[in-house]
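Written out below as structure tokens is the structure these notes cover.
In order of appearance the chains are A, B, C and D, and numbering begins at 1 in each one.
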Amino acid sequence: SQQQARFEAALAKEQKIEAQDWMPDAYRKTLVRQISQHAHSEIIGMLPEGNWITRAPSLKRKAILLAKVQDEGGHGLYLYAAAETLGTSREQMLDALHSGRAKYSSIFNYPTLTWADMGAIGWLVDGAAIMNQVPLCRCSYGPYARAMIRICKEESFHQRQGFDIMLSLCKGTPAQKAMAQDALNRWWWPTVMMFGPNDDSSPNSRQSMEWGIKRISNDALRQKFIDATVPQAELLGLSIPDPALKWNEERSHYDFGEIDWSEFMRVLGGDGPCNKERLSTRMKAHEDGTWVREAAMAYAKKHGGK
Amino acid sequence: SQQQARFEAALAKEQKIEAQDWMPDAYRKTLVRQISQHAHSEIIGMLPEGNWITRAPSLKRKAILLAKVQDEGGHGLYLYAAAETLGTSREQMLDALHSGRAKYSSIFNYPTLTWADMGAIGWLVDGAAIMNQVPLCRCSYGPYARAMIRICKEESFHQRQGFDIMLSLCKGTPAQKAMAQDALNRWWWPTVMMFGPNDDSSPNSRQSMEWGIKRISNDALRQKFIDATVPQAELLGLSIPDPALKWNEERSHYDFGEIDWSEFMRVLGGDGPCNKERLSTRMKAHEDGTWVREAAMAYAKKHGGK
Amino acid sequence: MTENPHIDYLLRLGDSTLILGQRLSEWCGHGPVLEEDIALGNIALDLIGQSRLLLSHAGSLMQPAQTEDQLAYFREQFGFRNFTMLELPNSGLEKGQQQRDYAFTICRNFLFSAYMVLLWQALAASLDRQLAAIAEKAVKEARYHLRHSSDWMLRFGDGTEESHRRAQQALNALLPYTHEFFSADAVEQQMADAGIAIAGASLRAAWEEQVRGTLQDATLEWPPQWADSQFRSSGKSGRHSEHFGFLLAEMQSLARAHPEAIW
Amino acid sequence: MTENPHIDYLLRLGDSTLILGQRLSEWCGHGPVLEEDIALGNIALDLIGQSRLLLSHAGSLMQPAQTEDQLAYFREQFGFRNFTMLELPNSGLEKGQQQRDYAFTICRNFLFSAYMVLLWQALAASLDRQLAAIAEKAVKEARYHLRHSSDWMLRFGDGTEESHRRAQQALNALLPYTHEFFSADAVEQQMADAGIAIAGASLRAAWEEQVRGTLQDATLEWPPQWADSQFRSSGKSGRHSEHFGFLLAEMQSLARAHPEAIW
């Protein structure tokens, strides 16, 4: 069709697709799925870190963590708004989350057991998220690309804060250093899995590449992340829990060990350490908040507000 | 009437009145009021001490405190059962408590702020309770008298345990000793008020004396308590927060300072530090338990049980 | 804990903001709608920011000087000087640290921020120049907190039957604790005499007018027995509720497990 | 924490009984009916009594020897070896230490005590004579705990619609955590080889029969996906849930605030 041709021409010229533009249904659906999944991840991601705000070990760290988790809420807002431009309401997206139809990033199904996890999440998880997200700033869909530009700026700030927590722990008492190493041990592999399946078993990637939604392959991003992170671990004096990790002079990249994809599938499938907890906690918050949202609507109606 | 005469003759001969015996309505009403108030006090009294079980500083103390609070529940059971022999159901008594028609001992409207309060409650509050309760073992109403015999035995055990907590604190670190003194400071006057208003402003006492329900006057019991407790405080090395306290050689009793009856009336009237909290906590437990009680009844009905 | 009324007064402010900030941060990730999650986080952040300034200032007057973290993490409960109301669980008076009742939470923010707007306004003229500077910053934040909570009081009171009932219930539970804002007290009197602070009692009329006005618009009832109530909480002089020990145990647990650590 | 499988095994038992005792004691004064308040107190007391014996025994094997209180109050969370299920809040999986759901509480007691009856029976023949003696005492208590919770499972399942729904919901939430009772593990294997313990896996068939029998009588459904579930909690090797830190912060707060004190 003519519309299809115009759409493809725009993609070819790296022009942004905007909300009012025609787009293929599958493109729209893929975007809603991806953006809402990203939004849900921000919201669910507030829980593992929120878990430590009340116990943060200094007031400064408490304020920084609170601000960070709040930023994540803000990212959720931008992203829901970006997805809404595609014609799906926030309520619909939340329904999909609560009923299990929509996913969120599996990384948030791991528990935060010590304060060092606040460091490890910032350093590793946010670090991996940035690797994933920077290319999205060039995504073909305008509202998503613009949301990602804002988000990436804040994420890199969060990543530095996370690294700073790790640095303090590694310069601290032996107990603090041990805490940092333990956190790295627990978060390393789940983080490496954040980039998704290997390229040869990632069926949707090719279409997303063609549409200009995805720009770089899973494996390429993963390699980039590992290459960037290993020297940081060395700087911290921590050892990465992968005996196969080794600089490969020839490739100019780090080689690394086999990923346990069965764990990945297990957590993705709902059997991770916190899947049920995370979802039921969100659902409870939403249900408990029903009367609040209803009151706001009733009041707005009575008083002719929006 | 002849019944009235028989009742009075029994009282005169110090014979027990039993559930099936005739008794004046006012006697029955007074007993139900007093016994249910006592039962409610045991149940509400589980809260201030229950507040420290999860934080007890050693496993031995945790077990002792748990056992003690459980005993209080047991006392509640005996007493509700004794009151039920007078024709009022437990449900009715709980209704009266929750609606504010029935009272419980004001002492439980004070908060337990430190571990030393577990010592002070055992030593002082249980000590005062025993003074009040020992004469009730000779109460004219048989079921109440017999319940009190069991209860008094356990209470004196609790009192010794409370004193033992105080002793450990007073032999302990300066912080522990300070904790003990602070608890004595907070609990002393409320305990002294537990014996009720002065005799000349205690209108119901005379009738209760005549009926053989009350045996010793408020002021006499209070004096007895103070005389017994002062040497114990000396043994602990703690000072009682009453500058007027002094041995009176002539009376062979301790003189003591003016009681702040306005505080007594305030707490009795519902404005004490924890009145609303205690009652709403009990009501919530009862409400939250509704479905449990209903399930038990439904099951018993289906299965022909009682 | 301290014999110095100036320090004591600063601790009241620094602890009140800290403890309410702590309670509000328990909402993180559990708000009734995402926008509110963010708003409560904002308010908590403001309060913790205020607390850091106030505790640092108080600590600098101590002998030996104390840091904000020494004061926040290594004091025992009797050393804290926050209003009792602010340590109550988010759910109301019953035990349950992590239960959350939005009506109770908002109503508390409303009653407290209405007071703090007036107090910070007055303290902007304090002879303690550092306190005056903190007050100047804080009053703007408190105005936002008051606007946020007032808006919700209106929505609750004049929203649905359920929201009205919940708001009225929260109000009834909380109002007795507001007497502590105004109760006469030697520390405040001395600070007022020295031109450093003002007595809370002098704010009562303005506070009541503000609060009653909003409640009226919200069709909520001011419980008539309030004025007669003899209930007096006393957190500001260090006597707290049973809830406080649990809050501190949680807040201080990590710092105290590693007393030597720098974070 | 420890390299000695014998000590590790004793800690599993001592910590599991301690942590469930701690959770049950949170019900104190809040039970659905007075008789149950007393019954839960009884069970908590039994468990804490068992824990004291087990921790003392474990501590006596350590170098240097540790007291029960050193083990209970001054270990960090990774040193604890209780089953994860037992540290979950009384309310279920959502945060909320002091919320209470009786269905969840009873269902947990049921699943755990059915296991412990079998385990204590087996351990009565342990070559560790002290453990055998503890087991002989504990098995009688565990039988009472099982009877108490089974009776309630029947009442819930076959009581009202609401009680059935609540019990089924609790069961669904809890069953995944029971895999930890049976998961293979080097500590248990070594202890079994030494005649000191038996591997949990060997109790699975008998446990399942017992539990399924009661559930059937209670008209409750055994979720068919249980056997396929890949979820594995790991408290017994020291990796706990997010709830555990809060439980420890509260339980240890007083003891740690006064490390030098004798109580």
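Rule of thumb we're sticking to: a contact is a pair of C-beta atoms (placed from the backbone, for glycine too) under 8 Å apart; a residue touches a chain by one contact, two chains touch by 3 or more.
Nothing here was measured: the structure is a model prediction, and the numbers come from that model.
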If a chain touches chain B and chain C alike, it appears here
D
By label, the chains that touch chain B as well as chain D are C
Which pair, A-C or A-D, has more C-beta contacts?
A-C
What's the distance between the Cα centroids of chain A and chain D, rounded to whole Å?
36
Computed distance of Cα centres, chain D from chain C, in Å:
40
Centroid from C-alpha atoms only, then distance chain A to chain B, rounded to Å. What do you get?
58
So which bits of chain A are touching at least two other chains?
55, 281, 284
Which parts of chain C, given as residue numbers and ranges, touch two or more other chains?
30, 95, 245, 249-250, 253
Touch graph across the chains, line, ring, star, complete or other?
other
Tell me, which pairs of chains are in touch?
A-C, A-D, B-C, B-D, C-D
Counting only contacts in the complex, chain C reaches chain D at residues 30, 76, 95-99, 245-246, 248-250, 252-253, 256-257
Chain B partner, complex, touching residues on chain C are 77-78, 92-95, 173, 176, 229-231, 233, 239-242, 245, 249
Touch list for chain A against partner chain D, complex
48, 51, 55, 111-114, 182, 266, 269, 271-274, 276-277, 280-281, 284
If we count contacts the way the header does, which residues on chain B are in touch with chain D in the complex?
43, 46-47, 50, 53-63, 66-67, 69-70, 73-74, 76-77, 80, 115, 165, 168-169, 172-173, 175-176, 281, 284-286, 288-299, 302-303
Which residues of chain C touch chain A once you look at their complex with the stated criterion?
18, 22, 25-26, 28-38, 41-42, 44-45, 48-49, 51-52, 55, 68-69, 72-73, 100, 102, 154-156, 158-160, 162-163, 166, 250-251, 253-255, 258, 260-263
